[in-house]
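Note that the chains are named A, B, C and D in the order they appear, and that numbering of residues resets to 1 at the start of each chain.
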Amino acid sequence: MGIRLGDNQYGKAEVRLVHVDRSTAVHRIKDVSVTSQLRGDLEAVHTVGDNSTCLPTDTQKNTVYAKAREWGGVGAVEDFALRLARHFVDEHPYVHGARQEVHEYSWDRIATPGGPHDHAFTRRGGETRTTVVTKDGDREWVVSGFEGLTVLKTTGSEFRGYPKTRYTTLPETGDRVLATDVTARWRYTRTGLPFDELYASVRAACLEAFADTHSLALQQTLYAMGEAVLERRPEIAEIRFSMPNNHHILVDLEPFGLDNPNEVFFAADRPYGRIEAAVERDDAPDPGQAWRAVPGFV
Amino acid sequence: MGIRLGDNQYGKAEVRLVHVDRSTAVHRIKDVSVTSQLRGDLEAVHTVGDNSTCLPTDTQKNTVYAKAREWGGVGAVEDFALRLARHFVDEHPYVHGARQEVHEYSWDRIATPGGPHDHAFTRRGGETRTTVVTKDGDREWVVSGFEGLTVLKTTGSEFRGYPKTRYTTLPETGDRVLATDVTARWRYTRTGLPFDELYASVRAACLEAFADTHSLALQQTLYAMGEAVLERRPEIAEIRFSMPNNHHILVDLEPFGLDNPNEVFFAADRPYGRIEAAVERDDAPDPGQAWRAVPGFV
Amino acid sequence: MGIRLGDNQYGKAEVRLVHVDRSTAVHRIKDVSVTSQLRGDLEAVHTVGDNSTCLPTDTQKNTVYAKAREWGGVGAVEDFALRLARHFVDEHPYVHGARQEVHEYSWDRIATPGGPHDHAFTRRGGETRTTVVTKDGDREWVVSGFEGLTVLKTTGSEFRGYPKTRYTTLPETGDRVLATDVTARWRYTRTGLPFDELYASVRAACLEAFADTHSLALQQTLYAMGEAVLERRPEIAEIRFSMPNNHHILVDLEPFGLDNPNEVFFAADRPYGRIEAAVERDDAPDPGQAWRAVPGFV
Amino acid sequence: MGIRLGDNQYGKAEVRLVHVDRSTAVHRIKDVSVTSQLRGDLEAVHTVGDNSTCLPTDTQKNTVYAKAREWGGVGAVEDFALRLARHFVDEHPYVHGARQEVHEYSWDRIATPGGPHDHAFTRRGGETRTTVVTKDGDREWVVSGFEGLTVLKTTGSEFRGYPKTRYTTLPETGDRVLATDVTARWRYTRTGLPFDELYASVRAACLEAFADTHSLALQQTLYAMGEAVLERRPEIAEIRFSMPNNHHILVDLEPFGLDNPNEVFFAADRPYGRIEAAVERDDAPDPGQAWRAVPGFV
């Protein structure tokens, strides 16, 4: 019996980078958080503290900032992550792989009587755009997504026909509020894609499917969202969702002599349902390491 | 020497209420968090555990839900808080005063190819609307506001001419990024006002003043925002702000042979500046208890 | 009618300082977060952006670090805050007052077979110690406290005898779980006190009173805690508490053919009760500005 | 080309259960958060909303509470999770697998002059104990761990000998503060183990190795912790860590005419290093599904 090092990676997390494009009087802003992680010849670092193959996390951080300047900006977060991954793997013989994760926060121009402002912004709120690029030698995978897209339907949702057991107390319902915070991650079939346009397209497909599906179960809504995305965009091999069921509980007003025709709800915190599933093409390319160290179910 | 009870209040915090107006096929949603607190003949509760004058916090919670149904909805959060305060003080002889706080979260209709959806929504993000109504016997005060309105300017901000001391290292700058999360609270001169319209007006005035003021100090921007609000709306007696200075630090790229013409920034978390001030009319009515148990500086 | 500047203050928030005393091989660690705020001749800063009386928040931050070295450490957080306040007010003619707030996080030595470790620590968790020192010219006030001291009793708590109204559904109980997160802030009668010893003493008095009081209402428990503190320590003029009632709801197991003799509870998040009160000496010195910009009810 | 359902699971998350053992006057408390998730014949739920094989998440929640009563308490969280998993899989033919995750919060008895209190407690803070049990048909895996064990060394840590590149600015150091929040997850070789005793043993091994290792890199410290655990406990097949490097940056006090002999530090928030690795036996049994939907690197 012996003890050995298993899978490992290391890097700098949550490098907060704001890039301002001042090339015209109408400034553009890019606000991201970059987590850089590397894999490679790292056994001696762990076993004897030999750092000769350990590119410091501080250097990784410096690289993120320097490359944003060298490359004249960030561009689509997927492309930025890919270029960083290539830099790390290609330039350092002891680095064999990389995981580069980027979160992006959106800003809107402040509306003024004279129109959208040139250089003043308000943070949009809503969902955060995400990407995780994995590189292993020459192979590359891109998994993009979003977190925190909170949606709610006031009708068009039922939940019936489920098994009744000794521990069942839930009554069936033909009309309930359905609410969730969508976390989605989808795997692209390849690199070199118009990622910004794809992101907008996936987001719209998810929202439309959520709105238009008459829901018999949150699982069904989830699947409809995934199907809509895959039908719309052949560039996507699979999509995974993690969606809480944010329970909105009809308040019992009878003790007060009042009815409650689906009008007054208690929005509960915990516990909550949690529905997680992948929707995929049956001819999708092999995922390889695309989901390595990426929480597929969040 | 004796020991005695001082100021006190009690109630139920963060009652999460979602009201759905289904009176037409185009549903409307109101999403609030209500904190109800009461004051009154409460000495014996504290000193000997005599609960005969202690309207349970559970009853306060029930009241919030029941009234949302009885009154056919919530309406402007200020009006809802006022009506709740009046109910508690007027209906219970041992209750002499009330503090009713409401936070409101906004939702947008989901955009679909067929137009804005009738009953599917996405949570807007951005700022939370707030109100604190204080009632003491017959007197009433309304302090409204918002939290978490995050704004940023990429130029039009300098910081110079400050005192230099033994502990100064900050260089002067003629062009910096200015960013903050605005928390504002303003006191109305009276009740019976069009609170929804006023809210939109104050919010717009703040944003426009932030965008249009060439800033020599964050304090100056804050004051300009307050002034803009008071000039626009005579219904407001004073406005108080708490604004962090969310530092965006220009990254030194010289070690890498690169310049950095105000393009690449590190968005720092802590520490941060904190600027707090009230802007008020010199003929404003006395605040009375308006700010009692309301953090004026947050 | 005119518009003018009202109350204001500014400074640097959450300056994270860790001081290591290496004077012997047994290292000691002090881990604090300092928020420095100043008041003074600040009208022109706000109205015209004249910064000549605005000691930069960056300089305040530098001062915190430099003084920790000059003074050979932090000492009791109250003394550190007082010395900082005196430095700012005494050394700068345009600074008339200061508010210095310090939060302290505790660490324990790691236990090893050879005894407590000389220089390795684990963070204790539990409550955060706090102080807010206010200085206005020559006058000084110290308000100390703690946040996040979570306590729970499995019995010895009832809630009965409260008013029954149209909106009452809560049943009376003679035996419930009582749980809360205590936030306490107490005002000292003067400076120059043994603050570390006082802190330990107040904390112990609160815990013992919570444990030993047979509770008829959370208000009564709160009062008993305050009374115990004031009886034990004449150096304290008043103490204020904000205590949520963290509801532990007995789960109804009857549908499953089971009884539940106070054994299985659902620990709810929201809503929660909130009980806030001051307990004070009837001959306490005037509070002056002690509570200015200190949330008395949190 | 077709679209199909991929991996999926669903359940109820964060069921907050507090169990009080009142069998003697010295009460004992168990405070846990249970997340129950099931896998099985769930295709029709997703594709057509047929719920006939969908045991409601509400029923899963009820089961957690009922079983805590039926079984006379919770016991070791691993055993509770295993028994829940077996119940769900064995009792429902359409359920083929389960993932049961439990987090446990610790409480200490309040110290009073008369000794540890019988029924009053204070929450300990510090780390959260975790377990994830995975069951697939007859096979079972147990992965236990903890989160949020924050540790710090004031000396005995260096970082030198790393590659210098175009983007290096970090100076080497022979004496730095080393601080991290340890998240650990270890896989047991089998079920039927004394899990409470094992937990205490792993925790102690981690702390001692952190304290006693002269650190040349955080990776080396991590490996030493894993090695210590595997050497001490043959019941453990592998252990995985995710450890941020919580940077404590020596403050430059030279501008103020002061030296700083490793005494005054700025505790930074972001970015931070992130070191993740597994340490394993070379003869460990196959992990099977042990890590499925368990973030191995957090």
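One rule holds in what follows: a residue touches a chain if its C-beta (ideal position, glycine included) is under 8 Å from a C-beta of that chain, and two chains touch if they have at least 3 such contacts.
Small disclaimer: the values here were computed from a predicted structure and weren't measured.
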{"item": "Set of chains whose contacts include both chain D and chain C", "value": "A, B"}
{"item": "Pair exhibiting more inter-chain C-beta contacts, B-D or A-D", "value": "A-D"}
{"item": "Rounded Å distance between chain A and chain D, as computed from the means of their C-alpha atoms", "value": "23"}
{"item": "Between chain B and chain D, centroid-to-centroid distance (C-alpha), Å", "value": "38"}
{"item": "Centre-to-centre distance between chain B and chain A (centres being mean Cα positions), rounded to whole Å", "value": "30"}
{"item": "Interface hub residues of chain B, defined as touching at least two other chains", "value": "16, 62, 66, 167, 169, 255-256, 269-270"}
{"item": "Residues of chain C touching chain D in the complex", "value": "16-22, 27, 29, 31, 62, 65-66, 68-70, 107, 110-113, 117, 119-126, 149-156, 177, 204, 207-208, 210-212, 248, 251, 253, 255-256, 258-269"}
{"item": "Contact footprint of chain C on chain A as seen in their complex", "value": "166-167, 169, 255-256, 269-270"}
{"item": "Parts of chain A lying in touch with chain D, wherever the complex brings them together", "value": "1-16, 35, 37, 42, 45-59, 61-63, 66, 91-92, 94, 159-163, 165, 167-170, 215-217, 219-220, 222-223, 226-227, 230-231, 238, 240, 244-245, 270-283, 293, 295-297"}
